[in-house]
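Attaching a single structure in structure tokens format; questions to follow.
When the chains are written out, they are named A, B and C in that same order, and each has its own residue count from 1.
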Amino acid sequence: MSEIVVTHVPHKRSIPFGQEAVGALSIIALGAIGYFLYPDDLAFLTRLIGIAFLVLSLDLVTGYCGVATLGHAAQFGVGAYAAGIACVRGITDPVALLAVGVFAGTIMGLISGALITRFRGLPQLVLSIAVGQLVAALANKLSWLTGGSDGLSGITPGKVFGIFNFDMYSRTAFLFSLGVLVIVFVLLQRFVRSPFGLMCRGIKDDDLRARMIGVSIYPRLVVMYGVAGAVAGIGGALTAISTGVVGLDSVSFERSAEVLVMLVLGGAGHLWGALAGTVIFMIFEHIVAAANPFHWMTLVGLLLILIVVFAPRGLIEPVLSLASRFKRKGEAA
Amino acid sequence: MRTIFSIMTDAVAYGMVLFIISIGLSIMMGLMRVVNLAHGAFAMIGGYLASYAIRDLHVHYSVAILMAVIGTIIVSIPFEILLYRRIYRKSDPLIQVLMTIGITFFIIGIVNFIFGPSLKSIPLPQTLSGPLDIGFRMLPTHRIFVIACGVVTALALWLLIEKTEFGIKLRASVDHSGMADALGIRTEIIYAVTFALAIGLGAFGGVVGAEILPIEPFYALRYMVTFLVVVSVGGAGSILGALSASLLLGLADTTGKYLAPEFGDFFFYLSVIVIVFLFPHGLFGRSHA
Amino acid sequence: MTNLLEARGVSCSFGGLHVTRDVNFKLTAGDRVALIGPNGAGKTTLVNLITGDIAPSEGQFFMGGDEITGLSIPDRVRRGLVRTFQTTRLFANLTVADNVALAIMQRKRITRRFFSSSTELPEVRAEWSEILSHLGLAKLAYRKVVELAYGQQRLIELAIGLALHPKVLLLDEPAAGVPHDEAPKILEAINRLPSDIAVLMIEHDMDLVFKFARRVLVLAAGRLIFEGSPDEVTADHEVRRAYLGSYADARRAT
């Protein structure tokens, strides 16, 4: 046998919890900009954060597992309705309402996952739409519970930690949502780099290869869907708490399609991509859509086509490659 | 008895409209493996063109149908050349979903910009608008016309695919695209012709079905799911499958609306989930490994 | 000696076309077996049957006395039945280290952890670092697989196979498409495989077969037509006619 020069791999230089700290600080900094520079738009920014949870949730199944779904609003809507109904029926503590949203979202996620991840391609897409529409139909018809097409109103949550009241300027709602976002984002950063998260990315790349190293794919994807459901459920619950109403739009097909646009706009498969996509899309929509909804649709359509043709990895990709080039230069120096 | 008969007529007519529109989608999915969510958008363009031709150009209904079909195909050509060609037989369904949903939004926005955001009627000619005496009962002539259109479409497609040279090449391309290339069949031409055929059928269905699926701004989104479900339940690329699935869905939906109007949608989607979960390749489809 | 893998009367047909017919063989610990045969003989189909990718129409597979015919792909992998692919199938968007680490973590049953770090876990890291070093891939550890040359990707296929600690390793043309100067690396890696595992290699390159195999199975038209040592195979008239003719001629020509 010939001699082999064994060169061991140098350890990656990394500060423990460095990425998490950067993530948390960046979100807090962005939140501070919103809070101090746009005090009149806090209600809108709170809604944006709620949707950001749904896009992050979609990123977990679409960006990290490669599941094509057009029914993801169901996870969000179930969380929103559950928290809203719980609040109307007497549970008013915001943190408890979040827990209700998480629980409902997780259950919905597991059910959806069991149905949607069984197949790939057309059956998967149709199942995802059907599950989403089924939830929408239920939300519409069970009007004694959900308020039907009038929406569920009269959600008046109590004080956060028994101290901070929800005010009409949405200050409390915004800060509460931002705080929850920071916590969830940091947890997700760890989650997607965990053995489980890495395995999901592997499954997305090549599911046969994954099975050939001994992975049973279906249960993994169902669990991932459960986690995604929990994240979306938080977003739904936060939106219900902060806006005080839950409408049918929260489970609509349009919502599912929109968040998909946000995700690919930012960049699927990156948590930052999901956040960036949400922020850009929502602000853009806030300004343009009010003028003319059909011009807005034309623009979104055009945008989507351009992304698929010219930047299928989303807007985050050039930023990332720039960052890694910068990093390599730093290491070489 | 009277109700059952009129429900049946409605159901079959509705099913036939679904069939005429969806069969193009099904063929595209079977041959090019493209999940074309914008199919309904092209049917909608057909409807808008026909409405414009009749109401503003005052042409006859039959001429309007022809203009709508040809007009829609012409409109679709740049989409085929610039966009659809990139996604034929691509394995990643996400890219297809995104691009075709983008096309749908784009078309909805443009169509409403040009024609205005209101419901567009397509006035029927005298011969189709009244009731028709079929001996023992009076039936709306339009329903009979739609059913006849469906039957003719199914037969014509069957003849085209089974009996013509184009059909032979088409089937060869579906089964073995590599082999078709080796045999000297220009697959990109087959694809382009099939695309035009699919879009033309969609536009045709959009026009003749306008009484049942009214042409309105959100047509393309509203029925997107229904057309997809037809293809999914019938099995991509199968004429018989699409026909059976359309009639089945037409029947289920129409009777559902008569019997339990409250929960129509709920039972519709529930049965879709059950059927697709049990038969992921459709009731009549073959699996493409 | 115990049979690590056994095929008993395995047949497979697609729509009336018999791709595999009544195949019987045994692999024991330490076996180094080459499976050869002309193109279209059904070699890759046989590998797919063994791994459970397709189900046989008749016959059974056993591992160490237990029947595995009905088991799923992941279940067979967990019992130590591991394959590499003829055309590389890797996690293309992950790094080389991640690819190997996933196999290690799957074997160690830690891919169900939700919040610990993954590839850099000390016990995982030590292992992939060693495997990659042995294959001369250490410098590429943090590169994405898609960025690498084909020959390097073939080595990663092997690395993943090794990381799973196989009892039976199926190598589907491990040297196919590898540039000539890199082929020895592959052979070297194969020669250093643990001596107690059974290796079944499909290969066209007869030089590689003769360097590697102690036993050769010859497959033609879905049937095993010969089994013997490499020397016996070259001497056998029927095998020469079915397959080796061209190879023998080629040898004469050079």
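A few comments on the model shown:
Please note the rule applied: a contact is a pair of C-beta atoms (placed from the backbone, for glycine too) under 8 Å apart; a residue touches a chain by one contact, two chains touch by 3 or more.
In UniProt terms, the chains line up like this: A = Branched-chain amino acid ABC transporter permease; B = ABC transporter permease; C = ABC transporter ATP-binding protein.
Note that the structure is a prediction, hence the values are computed from the model and not measured.
Fewest steps needed to get from subunit A to subunit C, stepping only to touching chains, is 1. The central chain of the assembly on a C-alpha centroid basis is A. Centroids of subunit A and subunit C (each the mean of its C-alpha atoms) stand 41 Å apart.
Centre-to-centre, using mean CA coordinates, subunit B is 48 Å away from subunit C. Subunit A and subunit B have Cα centroids lying 34 Å from one another.
Subunit A contributes residues 62, 66, 68, 70, 115, 118-127, 129-131, 133-134, 136-138, 140-141, 253-254, 257, 260-261, 264, 268, 294-305, 307-309, 312 to its touches with subunit B in the complex.
Residues 51, 53, 72-74, 77-78, 82-83, 85, 89-94, 97-99, 101-103, 105-107, 110-121, 129-130, 132-134, 136, 138-139, 141-142, 160, 164, 188, 191-192 of subunit C are the ones that touch subunit A when the two sit in their complex.
Residues 29, 35, 83, 86, 92-95, 97-99, 101-110, 112-113, 117, 217, 221, 225, 228-229, 231-232, 236, 262-263, 265-266, 269-270, 272-273, 276-277, 280-281 of subunit B touch subunit A in their complex. Partner subunit C is touched in their complex by these residues of subunit A: 1-2, 4-9, 11-12, 14, 187, 190-191, 193-199, 201-202, 205-206, 208-216.
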